[in-house]
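Both of the next two complexes hold chain A, though its partner changes from chain B to chain C.
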Partner chain A sequence: MSSPSGFREIASRELGNEYSRIFLKLLSEGFAILRSAGMSTFEDPQEALDRSRAIRRDAVERMPELLEEFARAAGENGAVVLWARDARHACDQIVGLARERGVRFVAKGKSMITEEIGLNRALEESGVEVFETDLGEFVTQTMGLPPFHLVGPAINIPPDKIGEAFFAKGVIREPDSDPVRLGKAVRAHLREKFRALDMGVVGVNMAIASTGTLVNVENEGNIRMIKSSPRTLVAVMSIEKVVPTLEDALHLLRVLCRNCTGQKMSGYVTFDSGPAGRGEKDGPEELFVVIVDNKRSAIYQDPLARQVLRCIRCGACLNTCPVYARIGGYPYGGVYSGPMGAVLSPLLHGIERTSDLFRACTLCGACRQVCPAGIDHPELIRVFRQREVEAGAQAAPGAQGAAERAALGVLGLCASHPAAWMAAVRSARLACAVLGEGGYVRKSPFGLSGWFSSRDLPAVAARTFREWWKGRDAAKGGRGPGGGPT
Partner chain B sequence: MRTMEVSLFIPCTVDVLLPEIGVATCRVLERLGVKTVYHESQTCCGQVFLNAGHAQKARRAACRFIEIFSKDDFVVSPSGSCVHMVRSCYPDLFPAGSLWRARALDLAPRVFELSQFLVDVMGVTDPGGSFDATVTYHDSCHVLRGLGVSRQARMLVDAAAGPRRVEMPGADSCCGFGGEFSVRFPEISVAILKDKVQSFLDSRADVLVLNEPGCLLNIGGYLHRHHPEKRVMHLAVFLDEAMERGSGR
Partner chain C sequence: MNGDAGREILELLRRAPRAGPHRTIQGRPASSGVEGDRAGMVLRFTEEASSQGVTVHRASGGQELAQVLTASVRAQGIRRMVACASGAVSALDLGRWAVETGVEVVDSSRLGDRGAVREAAFTADAALTPADFAVAESGTLVMAFDSDHQRLLSVAAPAHFAVVAIDDLVMSYEEAFERLLRRRKGFAGQVCFITGPSSTSDIQAVQFKGMHGPARLEVILLDTCERKPAGGL
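Right, the complex of A and B next:
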């Protein structure tokens, strides 16, 4: 899995990319309209959000017992539950299933957890071909790109680029850039795979503990096809996907669709409990549910971070994030991007490797406001920053980090001693007298080049508020600070 | 009725870089018959430390702040984010059950952002005066999503500007400041900022009013360099100017 170390470089590239900029503006504005229209169809949208948040909080708090309940119910339905400690363990088991059955290829539904564990690569390395069947995933797979957006992995790729890639890879026989024809070509291409499908792999949106049911939410019907056409079906889920009851799942479903794409209900929602029963014509002959931990137990044990597990992957936080809306998903360097990536990736890959993810945030709180799972992203981001500082990792990035540390150290000293504060103000005022003009500073030799690239800063006032107050105390009704009239 | 007494909480950025905002806050309150006091030992609320991840330094600043302000009935500040720091973040800096946490929780509900204090506590929605320019209001993240304040400031602006207040598209979206973020990730910060400024320009308003010094430094710093004809004003300065004019009529 790629590390997010190239954040700055990729962000810079994306900021310079005219197409990305226009597209991201449309995406964030468009999704905001869709979301608000969708959520307004609830009689009381706030109540609906409060309820989904309560469900997710409860589900995560009770996760260990709910998982046991789910595994028991799924087993009773005839599914085989396989537990996987980490990415490797999960991939090995799934590859093993494919090998034992002599499967030549698998068809896959869109799933973040299989991206996270690197399943495609593991299967391909052992000689099993993988076909992504979600249109967006098919495009990113064909083009060898990481996902741009949680929900729309290829949402940013223009049709002509998709056409070129399809033509180069033989998906279409003649060059084309018409989105409808391209979609139809993929449909025809994949239909053949479904017809002869021995093994399918899907993710899971929700796993209902009381009934052992797997719920999948999609708009293209490909997951429904995979869940019903192969002999062997493998459903892969991370441990936090479990919810207590069908009623809980139904409410989360209502909120998920509205919050994500603004739909009251997505095009296809499938509920499957176990393989085909005796005498039933449809459904897989065997169903394996792979329940992946991959660091979640550790996250669960971390009282400050546990809330991350509530995420239901609706993508609303990406759509509303001012940073994501400028740089898109690529800089986040992995499967998860935007605010949800900034709060999950540090826990999966380590604070020290993901600093830019949780530092590149204005703490504006827009993500928390739309989150249907009740995650407090700004709080988590502050926690990560704190842990980074405590680990002393901050000195590592070099001069900038060290300068910042020193500046905060001085500020901290001054903040505790008013006399030092006044002395610092006087020194800064002198510096401004040299550097500034017309009451503003336009550049600085003290490192703040980022600020001054496009912004000026008011010079330290000729009279601070404190000095004004003192003067006023001495002679009531005096002039204002700054030397000018008030 | 006893004269209301307000303790001025003047954030460090206001004290040093934008003192006119502190003065205006003081004057607006006094024009409304409030007595003001200012504790000269105050320095910084510690928000900058907390956001950077230096919790220990933030805790130290919080203890100082609590010591200094704990006896006041009303603490009022022209910075929404600093008020948010005291009201929402201070308690969490201290362990559950600790004395400092109790003291933080005791102080929190007595600390107000200016428009919140005027409208919600004093019940003033029209402080008097008028402002003769087209005005738009920017919802700062910590004011809107942190304190839940937006209606209050708009009411006060409306009282002075009347129909000359226009809404700009995306008034509630971030300006790209984010404290250390603006220096660490200037490219992204400025990309966000440019869109905010564009939406201000598109609104055709002459003046952008806000109640957060951080946003003011950010938006104002950009306007000063690129659009010097446009003006960004803190709500306190706006109200003070409006009241000054109003009383002169």
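Right, the complex of A and C next:
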């Protein structure tokens, strides 16, 4: 489990990472096209979006009842349901399952929740080797990197660097930098693991309450391998994965895939209702479903914050965010990045420890506009800021924000007295002439260096609008403001 | 011990203040605009599946099915195939086809245990399986696994041939599930959607087929009645 720290340092570094930036530019431009092409294949795209939002809202509001229903149905299907209060509790139980069965290694499907709870480390510390099997996740695991993007965790890594790491770890026999050959090498490497696999671990995209069914979405086939080959399967889900019915799940699938990759449907979607049926010769003989809380029931107490639990992890908000498009996923410090990280991480790790995440947002609202789960990220971010300021004011009344209050007092005076306003504009213009360069003010001698450390101020223009307008009238022979073009 | 954690978590959730009456979701979702007649569905399925890199064939009866398969295995140099002979594949005389083509065919019903299934699936050049349904809206196959139809065949083999009866071509996922539940009287184990071959774009967004699953997927829509072939098109 990691918490965000060093946001500014990493963001500054990443702004200078040309390779990441080339990719991010492609992502933010190309993705909008992919997504809208995908959504436009709905008969009524807005209805489809409204419906998915209503389903997620409903699912979160009824979460306790739905979870209970899911656990009962999954149990009736023959799955063993294990509950976990927190990361440690979840890891202990999964490690216990591996040790009881004496497995030497497990293969994993890409899963955010297992990253959140730090499962790989827990398994490795108890002597169980872990193979990530999603190609991107295999790369990040091999290179010891955090995920760069929710969907493509290693999509920014130059292939020659991947080749070097694979060569060093013996995945390939001679250095290579061809993306396809690198991928095929991983296929060959993991095929032997799948074939001899005794225990697999996957995440869960959706858990259907009415039928006790687990749904997984993927393109590579690694999750299908993990759900087919070993005799023991462990599916790990956080409590918010539950949806009411199969019909709801099918609609969410349509919306999820279109928002995630622009596909109508991902390559493989598997629906598991219990372990393998009678007489089946492959598929799991035993299926464990680990339902992880890890602070979500606490988040649930707050009716406003609760909406973060609607997230279906499609990644649309990352791909549309102008801040993510410049800094990528690393500054967010850990598992969740982009707007969904900026609203979820503060609730998981504490507002006071994650200030940079929700401060580094322009409140432009692009994420809210695309979100198929109906999350209002800008409103949450605004509330986090408010709560942080209020907490600070309580901790040190008077001291915090004294300069800000003084500045607001001056602003109030100017705004209510036109003469004062004009005088202020004139002096600001003078200050800009001295301090500005290239149309921006980047530093200030007035003790405001904190503000300028991460912002530039556009310089005040040489003339005000009114001055420009007057000059324009004079040039055109005194035609009044009412005299538009004829 | 574990039941306690479950009770605690649910108790905490129940204690939380709830919003007012949540919006009810009414009616069925708008489907993705698929023509309801068979010709329209065949066209749509073929377009959608092709756009995902699937080769779609049509065959009328077992003989044409054999011809389609023969052409494909020859073109791809397939020598060893694992086959699940149930469902729509049963239209094919598998033994005779194997002799005629010289392809070594492992009948999956003879595989005794997990080890044997693994051995057959991981060493075959191709798998031949039935699919329970084909869904036109996205060119998707729906397969329910059971004692006759093993999961590993269609994911571990490098090429997958799926045969689906034309009567099992439906418009939407909802319809496929409704008919599947009726046919199987509920489902246990796994149901799988397959839309195109295995693929990835995880390194530098370069896409290629055949990451962990098959690099090739061929679907044969099978007319089982005596109707003239391609009459529906």
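Methods note: the second predicted complex is superposed on the first by the 394 of 486 C-alpha atoms of A that agree within 3 Å, B and C clash if a C-alpha of one lies under 4 Å from a C-alpha of the other, contacts with A are read in each partner's own complex, and residues count from 1 in each chain.
Definition applied: a contact is a pair of C-beta atoms (placed from the backbone, for glycine too) under 8 Å apart; a residue touches a chain by one contact, two chains touch by 3 or more.
Small disclaimer: the values here were computed from a predicted structure and weren't measured.
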item: First, second, both or neither for A:73, with chain B first and chain C second; value: neither
item: A:273 touches, of chain B and chain C: first, second, both or neither?; value: second
item: Touching partner for A:365 - first (chain B), second (chain C), both, neither; value: first
item: First, second, both or neither for A:414, with chain B first and chain C second; value: first
item: First, second, both or neither for A:187, with chain B first and chain C second; value: second
item: Partner chain in contact with A:106 - chain B first, chain C second, else both or neither; value: neither
item: Touched partner set for A:455, first chain B, second chain C, both or neither; value: first
item: Chain B versus chain C, judged by how many residues of chain A each one touches; value: C
item: Partner chain(s) touched by A:442 [first = chain B, second = chain C, both, neither]; value: first
item: First, second, both or neither for A:225, with chain B first and chain C second; value: second
item: List of chain C residues in touch with chain A within their complex; value: 2-3, 5-6, 8-10, 12-19, 22-25, 28-33, 48, 52, 111-114, 116-118, 122, 137-138, 140, 145-147, 150-152, 155-156, 173-174, 177, 187-206, 208, 210-214
item: Interface residues, chain A side, partner chain C - complex; value: 23, 26, 41-44, 47-48, 51, 54-55, 57-58, 61-64, 67-68, 71, 77-78, 81-85, 89, 93, 133-136, 139, 152-155, 157-159, 162, 179-180, 182-184, 187, 190-191, 194-195, 219-222, 224-225, 227-229, 231, 239, 246-248, 250-251, 253-254, 263-283, 291, 293, 297-298, 300-301, 303, 306
item: Chain A residues touching chain B - in the complex, by the definition given at the top; value: 8, 11-12, 15, 25, 322-323, 325-327, 359-366, 368-369, 382, 384-390, 394, 400, 404, 408, 411-412, 414-416, 418, 421, 425, 428, 440, 442, 448-451, 453-461, 463-466, 468-470, 480-482, 486
item: For the chain B and chain A complex, residues of the former touching the latter; value: 10, 12, 14-20, 22-24, 27, 38, 40-41, 43-44, 46, 48-55, 57, 60-61, 64, 141-142, 145-146, 173-174, 176-193, 195, 217-218, 220-222, 224-226, 240
